[in-house]
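The following blocks contain the structures, represented as structure tokens.
In what follows, chain A forms one complex with chain B and a second complex with chain C.
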Partner chain A sequence: MTTDQHSPEGGIKHRHRHEGPQRHIVVFIFSIVLTLIAFAAVAAGGVNATFAVIILLVMAVLQVILQMGFWMHLKDKGHLLPIIFMLGGFFIAGTCIVMSLYWVWWD
Partner chain B sequence: MAQAAHTLNPSKPLGHGHSVKRHTGLMDWITTVDHKKIAILYLIAGGLFFGIGGFEAILIRIQLIKPMNSFLDAQTFNELITMHGTTMIFLGVMPVIFALMNAVIPLQIGARDVAFPFLNALGFWTFLFGGILLNLSWVMGGAPDAGWTAYTPLSTSTYSTTHGVDFYTIGLQIAGLGTLIGGINFLATIITMRAPGMSFMRMPMFAWTTFITSAIILFAFPAITVGLVLLTFDRIIGANFFEVGAGGNPILWQHIFWIFGHPEVYILILPAFGIISEVIPTFARKRLFGYSSMVFATILIAFLGFMVWAHHMFTTGLGPVANALFSVSTMLIAVPTGIKIFNWLLTMWGGQVRFTTPNLFAVGFIPTFTMGGVTGVMLASAPADFQFHDTYFVVAHFHYVIVGGLVLGLFAGLHYWWPKMFGRMLSEKLGKWTFWTFILGFHLTFFVQHFLGLMGMQRRVFTYLPNQHFDVLNLVSTIGAFLMGVGMIIFLTNIFLTSRKPADAAADPWEDGRTLEWSIPSPPPEYNFKQTPLVRGIDAFWKEKTAGHTEMTPAEPVGSIHMPSATMLPFLMSVGIFIAGLGFMFSRDEFKSDFVGFMFNNYLVTAIGLLITFGSMLMRSLFDDQGWHIEPEELEGEQI
Partner chain C sequence: MTTPHAEAANNTLPYEPEKATLEGRNKVLGFWLFLGGEAVLFGTLFATFLALRNQTNDGPTANELFHLPLVAAATFILLVSSLTSVFAIQAMHRNRPALLRNWLLVTVGLGLGFLILEIYEFSQYIRHEEFGMTTSAFSSAFYTLVGFHGAHVAFGILWIFVLILQMSRKGLTVVTAPKVYVSAIYWHFIDVVWVFIFTVVYLLGKVG
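What follows is the complex of A and B.
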């Protein structure tokens, strides 16, 4: 039933260029380091709570970018539509979060 | 993706084309995954619910025909207005929209089916069983009575003690699943399955609006899904999301509902815009004026549609800053909508306009919808909205955009594509009678409601006192409603009489067809296109006609065509969810019979339902379905 080309256009010209494993290994190490920093920020105990939360959020955002870009291939060609739709989803989910926090609970 | 993936691969065994099991009769309809048959199923089911919703409307109007009428009591009236709104929007017009999308979109983009035929069937059956569950409420202890918006706290178990609102939450949840599945399916179809040469900016306008509508469905329906889950939990297992006494907040429901609810109205109207953008150029014999601005306007409407939800809540008390911002964002939507209106007018300008039935509906759509748009801008002004809010002015406004906009659009689309769907032309004479009775009845019903609202008549009241200047206008409104009913009956008569004639419609029965669906027989063969067409410009078929060709240039040689297998599983999955929903709803009830009580109170009924659903999913996962092929020898000799 499905064609197995990996791009929205289904065309052959967008097929992935073959890459070696080096870049993925680097990204994998980066992901681990980000996780370690997040753990350390809490485990060290000396970091004040607000600052720890900020560190966690920043590490989370970086992690998401790495995972989406490299492991979900969003950095590759032919992924414009997935990126648009994901940004749309983030935008609407964000609107809902802001609405519930600022209008409903903290009002 | 029944595209040419397997056609030219000599290593693939092509021999199992004849082993496919063909079902007949009812089984054929229950197991079908063909988008054209699913379109007909959507049309029948949607038409049925539309009839129920219309009957409810007639009852409402009979009750309001004179002051202090006692035709209905207040409770029944509340149930009727709730079910009228809910049925019409979720179970009436949305399935008819999906019917047209299913019937037309794969043909318009030159595809042999949708991207996921199995999911397409699943979407239909979940919608149908959700709709049946919701309507079962009439015979199982009372329909929902908290309005189609089901505002908390009125809809919480504190104030709504029957199972009515449970039918609303569970029924809509199941039906919403079908809509979400359908939306995702059309996104995948339009992104991946356009014929060679059909870039995004060569897509027909109806395909564009379907694409954008599906995107809105993808983003808006999760909000209502979450909202319904919260309300269900509040009502059935005693959560406190909306209970003030336990720290919940009823305003949260309003926000969640309208974050979904406002995009929902664009989900309804954008497909109508698409239909009008197909019908008007065809019968003006001109290409659509300002195609790219139409695309831009559609995207802009979808984008703005997500940031205007609080204009339904001006009187909730959000404060002047929020009200001002949402006023402005709402008024902004008039700009892209205006672009569309002017583009349609300029398409007709200088064209050779033929007033066939579809075109009558399309031309009738333009001023009627514009009137609804104008009252929309009036309502967007927050200070004025404090006067209009919850009066018949609002009722008039949204009926102008939904009936005067969407339903006229659907009538245009149904008359236009009927020969493509069924191979028979609807009678033009009866069609014109449908148009004139319906549009006259419509304006008679709803135009006067503007003034009823301005004079202070509240919406959702089950009766009113005499001598407040409401009497005559309400009588006029009821007469109009009956006239709309007459229009519907003429339409049904037209369908009935047409169905008795031979199916002899030409491939291009309107003779000026511009898009790909008119290049194949009416109704199309199972595989739609014998050879995938090559698209060489916008309005692909028209372009070939102007080049002197009578058919499309093929983009591939004739080959074996891969088809999806018919399957019972989508139907079974939906039956399972339906049983699970009913079981969950009655899990806290007391029953006369011990056994029945045991089954419900221990969630065993729910478990059985879920077992059927997940069992079917397991079957789907474990047993590979390779589909089947139609061989070139079988294609020969057919009129294509």
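What follows is the complex of A and C.
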């Protein structure tokens, strides 16, 4: 186990690097932009409904991938098992949604 | 090997203290298993909502009901709170408990703001739009899905607040750090679910 010692102020002598806030602020800005695009596509009106739906879903999925990757650390080393479990969860959730829509639309 | 609390007294905290002990790593992994289950749970609520969203039973439709500025405000508040909980974890990794506590307090405050907006929104629907739980299949599905998310926010606020109190007594140690880390993951997950809610419930409701 590697245990670096921290001085009270956060320390200068480190073998590891602390990641700064910059990357997370970039993720935040991207999230804001994706959200704005989604809201604008609806608020502007006149956008073809099918096209708007596609834009909305793409923006949502992109934002979720960004936030789960960076903010929930899924892109970091040692997260294969969490990724597998989350994908498993999403797969079953997706199955439920497809099943419900199939029921309603093609009954 | 020093005990966790002695470690804190000497003010030496391992890098990434949430992963420094086996118990901590197990907590994080166990929490991911829970989140996989949460994803399924919310998936079923989304499936129900999508199936019933047009069954309005002569009550208000999504397009008549929703006001985008309110939804945009709630979205912005929750997104900022997600960022502040990232800052909290970064403060934790730098072993700065006071800064960590402050960012957690900001996160909890923003969460409260979100919750107040949601309560206001629901009360408007019930009092002025005659849109109650039993108005239509759409209203039941709406309140169940969005309310369930709101309940998660309320639980998160309570949880993080209790952690702040606990840290004020026990300090930031390899025992308390995994709890804080896991609560931050939970908070991000709440934000991720909200991304799907504002997309699927509100924006798709406006599109039709």
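Keep this in mind: the second predicted complex is superposed on the first by the 87 of 107 C-alpha atoms of A that agree within 3 Å, B and C clash if a C-alpha of one lies under 4 Å from a C-alpha of the other, contacts with A are read in each partner's own complex, and residues count from 1 in each chain.
Going forward, a residue touches a chain if its C-beta (ideal position, glycine included) is under 8 Å from a C-beta of that chain, and two chains touch if they have at least 3 such contacts.
Because the structure is a prediction, the values reported are computed rather than measured.
Of the two partner chains, both chain B and chain C are touched by A:V104. Contact with chain C, but none with chain B, is seen for A:Q67 once the two complexes are overlaid on the shared chain. Counting the residues of chain A that each partner touches, chain B and chain C differ, and the larger count belongs to C. Within the superposed three-chain model, A:A44 lies out of touch with both chain B and chain C [touch as defined at top].
Residues 1-3, 8, 10, 81, 85, 88-89, 92, 96, 99-100, 103-104 of chain A touch chain B in one complex and chain C in the other. Of all residues in chain A, only 1-3, 8, 10, 81, 85, 88-89, 91-92, 95-96, 99-100, 103-105 touch chain B in the complex they form. Put simply, chain B touches chain A in their complex at residues 1-3, 5, 187, 191-193, 215, 218-220, 223, 249, 251-252, 255-256, 259, 306-307, 318, 322, 562, 564, 627.
Here chain C touches chain A in the complex through residues 11-15, 20, 29, 32-33, 35-40, 42-44, 46-48, 50-51, 68, 72, 75-76, 79-80, 82-83, 86-87, 90, 93-96, 185, 188-189, 191-192, 195-196, 198-200, 203-204, 206-208, going by the rule given at the top. Chain A meets chain C in the complex at residues 1-8, 10-11, 14, 16, 18-19, 21, 24-25, 28, 31-32, 35, 38-39, 41-43, 49, 52-53, 56-57, 59-60, 63-64, 67-68, 71-73, 81-82, 85-86, 88-90, 92-94, 96-97, 99-101, 103-104.
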